[in-house]
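One chain, chain A, links the two complexes that follow: it is found with chain B in the first and with chain C in the second.
So, the complex of A and B:
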C-alpha cells in the first residue's frame, strides 16, 4: 500500500520542527532554508500551512527534466532527484506548478521532497500530528474533505 | 502500426516512449542526424563547464534503453516528405514508409545576414560537436565575442567566463535577454555581468566580421569601434527546421502548423517540439515556443493521438523560461510583458539584484518575471495555469508580490495529494 504525507494545516502551530527535521535529515544541518517542507504563515488569520511536494501523478518535474535526473521510486511513489545526474538547469523548478522543487545554490542542483525514502522525518518531528504519513487512499479522502471545509472566506 | 519519428530530441524521444507504452506491438523508428545517442541541448552549457561528462547530456541514462524499449534508432537526414504515399526520403536516397509520422526536427541556430559570418572561428553553441569546438578554442586569455545576449548566449556566459577567456557580449536590443526579460530585469542582468568583468554592448549591431591581424577575427560594430577575436560564439536565436518540407503540401508558417491534437493538415502526419507551431496557453494563438517543457508536452500528446487510444487535446503550453546568467537566476512566465487594461505588482531591489513583477488581468495572474528567486518559483506557473481568481489576495500581492505562495495556498487549500486541484480550480 502506497503511503503519503497527510497535512492538516488546522493542527499546525507554526513550531517549524518539520523544517528543522527535514533540513537535518537531508542536509545534515539545522537550516530551515534547506528544508524541503516549508511552513507558510498567515498572521492576520493566526494560521499556518505546512506545504511540500505531493508526489503528484502528473509528475510535471519528472517529465520536464531533460536529462532523466528525476525518477519514480516504485516503492514509495515519490519522485526523486538523482543529484549526480542533475545538471542544475532548473527547468523542473518552473515546471512544477506547486512550487515545490527548489534550486540549491550550494550544490548547483535541485532539491525536492523524496519522503525520506519512506520514513519522512517531518512527520516524525511534528508534535501535533499536523503532518502524518498514512495510506495514500486515506489521504485522498481527507484532502477532498479538507479542501471543501477549509476554503478561506473571501 | 508503423510509427516513424523524425528527430531524436526530447519531443521525439518522449513521443517514442509514450507510443511504446500505449502500443506494445507497434514498430517505432526514431531518425536522428547526429552520431551521438539522443542528448539534450539544454545540458550543453553544463558539459562546457565540465560539470558533467559527455554522457551526462544524454536524454536516457540506462544502457540499451532504446533497444529494450524496441525503439529503433536510425542515423539519417530527411530530404523530403511524400504525404500522399505515406513515405519520407532520406539524403541517402532511401525511402521509408509510415502509418503515422511525427515531425520533431527541432530548430537550428539562426545565422544573421552579416558579411563574414562564414569565416572559420565563428560557431554556434547548438550541438555536442559545437560544444567540443568551443571548449577547445575558449582558452585562458583568448578573446571571445558572444553575438547575442538571448537565452542561449546568457546560459553559456558562465562557461566562457570560467574558461578564463577575455569576454565581450554584443546585443542589438537595448537590454539582455529581450525576449524573456523586461527593461528593468534585462538591465539588471547586464549590470550583473559588467560587475563580473564581462564587457556588454547593448543597442549595438555587428556590421561585419573580417579576418584580423593579431587575432584571427575582427568584429566591426555600428558604433564605429572594432573588437578583436579569437573565437566568436553566435547565439542570435533559433528557427524551426522546416526546410525539408517545401513542396510537400504541409502547412507551414513560422513552424509547422498543428491543431490541438498535434496533427498537421496532412493525414497521419503530426508535429511536436521546436518545429511545431502549437497552441499558446496564454495568448490562445499558435506560436513556436522552442522550450523544453513545451517539447515534452507536445511529444506526449502527439503520441497519444498517434496511438489512437485517446483523443488527447492540447490545452496549450505556457511560454516560460528559467535562466542562470553567471549565477544570477531569472525566470519569466506567460504574458510577462503585461496585458491591455491589466495591472502590475512590482518589487525592484537593484542593489540586491532582486526583482519580481506580477501581471494581472482582473484578479488572475497572467504573467510574471523574477530575478534572484529560487524558492517556490514554479507556483507562478501554477497560478497562471489554474486561472485561480485571487480575490482579496490580489490586493495583498499588489502590496507584496513575494507572497505568491501564500496566495496560492489560501486560494486552493492544497493539502496532501492535491494534483486534482489544478484540473478543476474551485474558483
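So, the complex of A and C:
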C-alpha cells in the first residue's frame, strides 16, 4: 500500500518537534533551518500549519531537473534528490508550485522531503497526530468521517 | 556536549561584540542558563551596584538542552540585578528565541555598559552587530517586532524587545519575545532599556548537533515525552485549559488572593477561569480561546491564544486589537482579575494584550493596582491624582485605563509603574503592599497554602511561585499529596523543590514538566547530551549550589534574613472564608527549620561548612 503524509493543521500546536526530527534524521543535527517540513504560524488568526512536499504524481521538480538528479522511489512514491548528481542550479525550486524544494547553501544542493524512505521522522515526532503517515488513497478519510458525522440524522 | 562553548560579549558602551569561550569548569558545576549565568554575574558585577547603571550587566542565557528535541527544550533566562527588588533577577521565558540563540551558536549573551544612543543587537549565526534603534525607540514591542522583520526582509527572525513601559522606567517591565512570551518578572526589561538596548533580533541556522550520545538522547527524550503525554496535568489539564486550569481549583481551596489579599476567595472566579475561556460568547458565538499553542519543542502546549469580543468597550473602535494573540495565563488572570475584583474576561484579556504589547509584568501591575485601589478606598489617593479615574475594586474601566497609562508611562501610570512597595510607601501605608523583597505576590494566598508562605519569604528574587511550587504537592498531589493547612514537613519540601527547580531551569527545560517528571526523568536526558556527572544526586547538589550562590549575591547586595518575611496582613489577618478560614500563614513555624535544613545560621546566612560543602 502506498502511503502519504496526512497533515491536519487544526491539531498542530506549533511546537516544531517535526522540524527537529526532520533535520536530525536528514542532517544529524537539531536544526529547524534545515528541515524539509515547515510549520507556519498565522499569529493574528491563532493558527498553525505544517507544510511539506506532497509528492506530486507528475512532479514538476523532477521534470524540470536538467541533470536527472530527482528520481522516483518506486517503493514509497517519493521524489528524491540524488545529492551527488544535483548541481545546485535551483531550477526545481522555481518549478515547484508549492515552494517545498529548497536550496541548502551549506551543501550546494537542494533538499526536499523524501518520506525518510518510508518511515517519516516528522510523523513519529508529532505529539498531537497533526502529521500522520496513512494510506495515500485515503488521506481525506478523517475529514470525510467528520462530515459523515454531521450528516447523521439528529 | 550540547553547550555550544561560545559566549557573546556585547559591550554597549563601546559598541563591540566579541566571541569568548564558555567557561567549561563552571558549566560542569552550574549546568547552564539560570545557574551558569548567575555564576557569571556574581563573578563580574559588584552586588551593591545600582541596577540601572551601566555597571550592572544583563545576561541572556540558554541551557544545554535548549534547542534540542527534549520536550520543552526552548527556554532561556535573563539574569541581572533587579531594579524592583535590589536582589538577583532571573526571568525565564519560552517562545522561540532561546532556541534561536542556541541555533545561532551561542550559549549566552552578556550585555555590558550602556549604549550612547538606542541600539538593537542583530545576530545571525557568528555575525553580531549593534545597529541604530532610533526609529523604534518610543515604540511598542509589537511595532518593534514588525519594523525589524520588515527592515531585515526576513520573516524568520526571532525577536525579543522592550516596550514603552521599560523606556519610561516602569520598574517591573519585562522583555517580550515572539510577541507574547515574556521574561516578565523583576524588571529585567527596565535594565535592558537602561542600557539603551531596544531589541535583540536573531536568526540561527547552525542547529544543535553536538549531543554526547545521540542514540541515548533520543531514547531518553522519547521516554520523557511519553511520561508527559500520560500525565493528567501535562497530558490533559494544561493543553485543554492552560495554567488557567487552576482558577477554580485554587479558589475552592481558599487560596485565591482577592482585593489586595484582603480575602482568599473571589466570587467572580468562574467568569475568568480556564473553563470560561472555552464558553462561546453571546455576541459572535466564539469563545475567548482560539487555540492552545506550544513554545519551542514543547509537547505539553499550555499556551493560550485568545481574541477579545469585538463589541467590547475596550476595542470596539480599535481594530488593531481584533486579531488573536497571547491569552490569559492563570497568573495574569488572577492579578488582573480577582486581586482587583474584576470579573470581565474581555477586559482582562485586553489588559493582558497591553502587558505583552508594551512589556510589563501583569502580576506586579495587577497587584500594584490592587494596592492603589485599597488606598483609594481609604481616601489616601484622590481623583485629582489619578487624573479623574475612579480606582474602585471591581471596575473594568479602571483596569484597562490604568493599563494603557502604565504601558506608556503616562499620568498615574507612572506612579503605578513604581510597583506596590514604592506606591504604598509614598502614600504612607507600606503595610498595604503585598510584596516580599519588593516584588509582588503571585496567585496563591499563603494562608490557604502554608508551604507557599515559606516559598515566597525565601525566594531569592522576591515573591515568586516558580522557585518552589509546593502547590503541586499541597493542592494537586504531585508527587504526593500533603495538607495545605499543615506546616509540618513544608520546610524540607520547599528546600527540595527549590533545589530541583534550579536544576530544571538551568538545563533549559520548563518547570511545568515537573507536574509529571521527577529529576529521575530529567537526569538521563541531560546525561545523554552533556559531559559530566548528571545523576539525580548531582543535579540536586547543583541546584543547591545555585540556590546558595543566589543567596550569597543577595546577602552581598545588602539583604538579610529579616527580608525573609511576609506582609503583616498574611501573618496577622486571618482568612475570612473557605477551608483556611481563621488561619494566617505560620511562617515562624517553618522558617527556623528551613534555615537549619539549608545549613544556614539562625540569621539566615549560609554557614562556612555549607559553602565549603558546595564548593562556593
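In this text, the second predicted complex is superposed on the first by the 139 of 154 C-alpha atoms of A that agree within 3 Å, B and C clash if a C-alpha of one lies under 4 Å from a C-alpha of the other, contacts with A are read in each partner's own complex, and residues count from 1 in each chain.
Everything that follows uses one rule, which is that a residue touches a chain if its C-beta (ideal position, glycine included) is under 8 Å from a C-beta of that chain, and two chains touch if they have at least 3 such contacts.
It should be emphasised that the depicted structure is a prediction, and the values quoted were computed from it without experimental measurement.
Enquirer: State whether chain B and chain C clash or fit side by side on chain A once the two structures are superposed.
Expert: With chain A aligned, chain B clears chain C, so fit.
Enquirer: Identify the partner contact of A:21: answer first if only chain B is touched, second if only chain C is, both if each is, neither if none is.
Expert: It touches chain C, and chain B stays clear.
Enquirer: Per the contact definition in the header, classify A:46: touching chain B only (first), chain C only (second), both, or neither.
Expert: So A:46 only meets chain C here.
Enquirer: Let me test your reading of the model: by the given contact rule, A:30 touches which partner, first (chain B), second (chain C), both or neither?
Expert: It touches chain C, and chain B stays clear.
Enquirer: First (chain B), second (chain C), both or neither: which does A:127 touch?
Expert: second
Enquirer: Tell me which partner touches more residues of chain A in the superposed arrangement, chain B or chain C.
Expert: After superposing on chain A, more of chain A is contacted by B.
Enquirer: Please work out whether A:8 is in contact with chain B alone, chain C alone, both, or neither, and reply first, second, both or neither.
Expert: A:8: touches chain B, not chain C.
Enquirer: What does the superposition give for the shortest Cα distance from chain B to chain C, in Å?
Expert: Across the overlay, chain B reaches chain C at a minimum of 6 Å between C-alpha atoms.
Enquirer: If we count contacts the way the header does, which residues on chain A are in touch with chain B in the complex?
Expert: 4-9, 38, 40-42, 49, 51, 54-58, 60, 63-64, 66-68, 85, 87-103, 105, 108, 136, 139-140, 142-143, 146-147, 150-152, 154
Enquirer: Please output the residues of chain C touching chain A within their complex, sorted ascending.
Expert: 67-69, 71, 96, 99, 103, 156, 179, 204-209, 214, 218, 225, 229, 239, 290-299, 301, 303, 305-307, 323-325
Enquirer: Enumerate the contact residues on chain B facing chain A in the complex.
Expert: Touch list, chain B to chain A: 10, 14, 40, 42-43, 46, 51-52, 56-61, 292-293, 296-297, 300, 320-322, 324, 327, 329, 331, 333, 374-382, 385-386, 391-392, 404-406, 408-419, 421-422, 426-427.
Enquirer: Give every residue of chain A touching chain C within the complex, in rising order.
Expert: Residues in contact with chain C: 13-17, 20-21, 23-24, 27-34, 43-48, 125, 127-128.
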